[in-house]
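The structures come next, written out as structure tokens.
One chain, chain A, links the two complexes that follow: it is found with chain B in the first and with chain C in the second.
Take a look at the complex of A and B:
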């Protein structure tokens, strides 16, 4: 008897074909979970003509539910309208765990609420950071508190993100796990990295000099959407100064956005057309090809929960210069990065330091790829997520999952489904909000009863499963108890099994 | 073992209140993290003292054997801790509570709130005057001539102050340029471009431009330099003013008329400066008026701008200060006459504007409009700030228009509209200057306004007695009541606000978007 496997539904507004961090996170995680023998489906809203059921690689089934999209791919928040179809899908697919992603996705919030009403376990993954000051944040935070007061477990992508989520939703810190994003190492190889597949080889096949001479051109790459919160203003201010201080350097900027015009003006004002190349928006597949053209990756973002792109850059063998904001300081070891304060002067200085270090040959960027591959892999993420599933479903005991703390804390962290207990949890959300939330939950429950009577469970067909993969033999407990080095080898073994 | 729900746990009231009382701490413990929002209600959700289990987690022997290496707040290291491990030493260590809290003091707060009091009082004075005219207790002509005379005096005072400041500025103009340049980083692109174009054309004027332009932004440090130099009566400067158009409108237009006197259809521009309406000239750029009288100000405004920027500058630049001031004054007077005559012409139309509307709707509407005026008024604006917030001023002028349309005779309509322009358009400018110059004058003005408004309201509240009787008793009563209300309002509200500061709980941490510090934006902009 191997590990227990689960039927998991990932719910989020954000999924392919839309590009983005959350989207690829969901896809990679689902695909690795499938590799580990689970059954995973994805529920999202429709994208253009993409409605109904689709299959992706690896037997990943995607439900595109038709919903009204209001703003940046987020659906209109109707509290109850998602329930009938969600119930139908969950019964059809025999779902046990509903896993929502993204705190701005109303689909995810609704799914978690209804799943609890239906008696399913729920997990929520937060991918973003929010402040507490402005009105939009206050509203989002209240909503998040509503949803998360009854969720079984939350996952955050960085420790900073965890602190933020714990504060925003008033959670028990032990009920929040930190599981980072990862990168697909094979997709982000350095330029001349020996590889078995031939596809990336023809690209700019010049041999990279091991040691950069004083007259070799150092290329600095920036790949980001050009928005205010990505720090494009800093970039615009810093580029002319960096180029002035360091003659043999050039910039490659990829990405588009409202701030692109500022960059273009800067280029024209300073006559830097030959030293700054703007590529416009590029597809995610091309990111690696752009990155491998450079030596240094500059990331001037003002807020970032995790910053997958800097991991990708390091994986491509680029030295990373980034602002010290959000979760970024946790992501990469110090020998791969130079941190700067989000100030123009500091960014100029840090980039200058990085350029000098590159010229001096002090940085072994050729080793970055293998190191990053050891640090972040999706199989590892899937394994750690699986442990969360085990914990909330009771496969591993509560003491094991939350620690031996029953002496001082007699309560259970396993959320039971009794309506009165759920109402108690919701009631604590605030003077007015608590009552409102209770009302919502009660209505939701009545709605559930109505649905049970109207569309009886027996009348819903059970769909046939995609043939499951045989689960990898290592158990979650083993991997958690294993020493760090053992754990990393096990994850590499899983990665090899996948190929 | 029956697993009790988390709600049945003993509820550590004491520890909660203890942690809450320590508001002056700058750091939160994980304990606070999820109790503070729930503190006023029944802590239903898992709030049962998380500290205890964290403590036990730490003390736990069987785990600590395995944890040889300390936990690090890093994600790239493989750690032998579970993913949901919460390190008590580092968790939320970067959280700051109320990092930039600036406690208020009582008396400065009261002093600052007098600005609001002044405005409310002037609005109520306006309403009182309307009621007086409406009930035919006040002669509209005497009211408007009195107020116009006051406005004229105010104008003379204001002009003297401005020229005094100008002379002071003259000496320190160099430093003013510096301020202007740094502050101009915040202003809008188009203005900047125009200013630059002007500076290229006329390098002599450039420093002045640099210090003038920030007046369109609300940046505080530059406001002084801006205000003083924008009113500098040099012709070269005046063109810049016209280009900016909005700030301190009355000064901008003042320099215009001499140049296009030959083209306009105005009555003779050599009217006596003692004309009762002359002080009203400053309001010419207010938008509602240009709405009402599109031909004189709006229509030839555009071509004029172009002409001014291209031809006129070189001709007028060498004219000495005194002559320029004279020009400016003449221009002010001229636009005053323009407005005067336009209002006169429009009054019959205004009179019949809302004939088909019932009076109740008008009262309700004007109440709302005046409320908008009070709530959206730019109280924080310094001397050189943008001309009174347009929404506020427009609302007030619309209120006066609809109120005026209730009046039976053209004369009354004209007087009330003129009066409203003086009260809502010009008086705030004067008040700002008074506040800027000396606090004592400001306080005296406030007291006068309060007393006047109280007296007026008291008198108007009651039906007019026999003609000729002076309702001094009512007036005195109103004064006393208004002084009481003013004291209670300012004092009470200030005290209340200070009291509310205790509940301020601003949370800052590494998750907040960083504020980028950009020094050299101007550098590539000006190259």
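Take a look at the complex of A and C:
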């Protein structure tokens, strides 16, 4: 008896070739879901000359829909213009679940709205945190509320992110799951980490930690896009003070952005050219090589939902100094990190502490890689996401999926597709907004009917599937459990043959 | 009613040739043939009317410049099938009630309106109802694509691609308008753009795949993909 497999469309504005956390999350999750026997396609907008339909490895199909880009690779919100093409893609690929990523991606919001109109299940993954105060946030929050009031289930990357999303969109907390990001452990190995084959040779004495002499240079690595929200201003202020206090240290900064010019000015005014190296923007596959050149990773971000990069840094065997904001405190165990408040003095102090601890040899960074590898794996993320899909599609019962509700809410959490029920949900969004949203949904529905008549369903070609992988057994949870279970299934098979 | 969804017709005049035609022409039945005939008469009739209106206008313009109209006496008819005879016939038509009506219509329309409208009418009447695009495959020689022109007046646009210039033939998908469509592509050596087969009709996947298989079979005599598959199996 195999598990049920789904046809899933991941929709987001953010995808490769643009580098970033959301992009790699979508890619890794999709490819692991394909390994589990699902069919996954990705719908994004075009990047420069990258238009049309492309295949990535593992049979992952990417639709780069031609659209207009306005700001940081987010598309212009054209509420209904995306509908015809989305409908066409969903029909030809026989999509059952539309999974949107990123609350700043209008493509994702539109896709979720239209998918509900077409009668498809929807999931939304939030990757970022937002404030409540400024005008842009209020607008985004209202939009998010609009979209999420009808979505089947939401996923957040950390508990802080979940709290934030629940508050912003006034959601039922049980309808939001937390599934963190992960890292590909093999791509983020420390410098002298033995490869698999060397390891298998037999027992060896455990290598002793490399001790730093008092005059060895400690390298601090910073890899981030140089935007305001990544804390580049803090970094600019802190670097001269850190370098003043600790003579044998230097910085490597990778990444580009509008704040790069401030950093360069700081380097020139303080004459630090030989102690601060700016690499500019680097490719994702080079991140590991840059990280392994350092000893400490500094992450001065002002807001961060998860912070995959600090997991990557720890996986490379770097000690992490980071600001205590957003979901960051949930990410790594305390012996791998030093936390600082997001202010200049505290960052200088925390970095100083980290440098002293490194020099004293108190931190066993060589063990970080194996620990991180155990904590974060994409197959685990895919498995947990699959459970969400099972839950919304009714493969596992509602009680099993949501558990016992202690708040006494008795209504069903399964979102049905009847227009009147959808309108009821939207109407509750606000005095004016509720009516506006209802209008939007009604127009969307009429537009859907028009499309059904204009481009009839039967005229749309059904795509051929990429050969599916045979669904892996559920026992792939972790390697510890997998081995005995596999043995038992094979013995069952033998028993059947005997009969 | 006069057209159908694109359908495929395969013709194999010889064992080494195959012609794949995608057409919107429905299968011919008697009512359909009658309808075609009716349509043809309608086109001829309408073209004739337009022609007569233009001629009436021309006669009026000519007389307003003071040029004496050429007059033929009924006794000396110009010989049959000559330009003079046609002009004579047109002139005699001007005197009939129908001719007078057309002359009045022609006089009431301004010249800058009349000429473009007449041109548009002629163009509309010469448009083809159905579209036809074909791919002719000649083993050892190459492939020839042809597209039916939009009007009856032009001839079909053809393009021949010799075998040694063909790098590959494959099926791909792309966005077109609000849709994603399958299309057959010939990659030509030394050219930046690929050649799309059936560019106007873009038939459905089933047709495209049939043609693709057929073309590969015919061009490469089965050693195209089969040999590669066999090699992989080994």
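In the analysis below, the second predicted complex is superposed on the first by the 458 of 499 C-alpha atoms of A that agree within 3 Å, B and C clash if a C-alpha of one lies under 4 Å from a C-alpha of the other, contacts with A are read in each partner's own complex, and residues count from 1 in each chain.
Note that a residue touches a chain if its C-beta (ideal position, glycine included) is under 8 Å from a C-beta of that chain, and two chains touch if they have at least 3 such contacts.
The model shown is predicted, which means the values in this text are computed figures rather than measured ones.
S.K.: Is A:135 touching the first partner chain B, the second partner chain C, both, or neither of them?
M.R.: Neither partner.
S.K.: In the superposed arrangement, does A:51 touch chain B (first), chain C (second), both or neither?
M.R.: second
S.K.: Should A:84 be classified as contacting the first partner (chain B), the second (chain C), both, or neither?
M.R.: second
S.K.: Would you sort A:158 into first (chain B), second (chain C), both or neither based on which partner it touches?
M.R.: The answer is first: A:158 touches chain B but not chain C.
S.K.: Does the superposition put A:66 against chain B (first), chain C (second), both, or neither?
M.R.: second
S.K.: Is A:461 touching anything from chain B or chain C once the two structures are fitted on A? First, second, both or neither.
M.R.: Second partner only, chain C.
S.K.: Would you sort A:343 into first (chain B), second (chain C), both or neither based on which partner it touches?
M.R.: first
S.K.: Kindly classify A:92 by the partners it touches after superposition: chain B alone (first), chain C alone (second), both, or neither?
M.R.: second
S.K.: Chain A residues in contact: does chain B have more, or chain C?
M.R.: B
S.K.: Okay, in this complex, where on chain B does chain A touch?
M.R.: Those residues of chain B that touch chain A are 3-9, 28, 30, 33-38, 40-50, 52-57, 60, 62-63, 66, 73-80, 82-84, 86, 91-92, 94-95, 506-507, 509-521, 523-525, 527.
S.K.: Quick check on the complex: what are the chain A residues that touch chain B?
M.R.: Chain A residues touching chain B: 129-133, 145, 149, 153, 155, 158-161, 163-164, 166-167, 170-180, 229, 231, 233-234, 237, 240-241, 266, 269-270, 302-303, 305, 323, 325-327, 330-333, 341-345, 375-376, 384, 387-388, 401-405, 407-414, 416, 421, 424-431, 434, 480-481, 483-485, 487-488.
S.K.: Chain C touches which residues of chain A in the complex?
M.R.: Residues 51-53, 63, 65-66, 84-85, 88-89, 92, 455, 459-463 of chain A touch chain C in their complex.
S.K.: Mind listing the chain C positions that touch chain A in their complex?
M.R.: 5, 172-175, 178-182, 204-206
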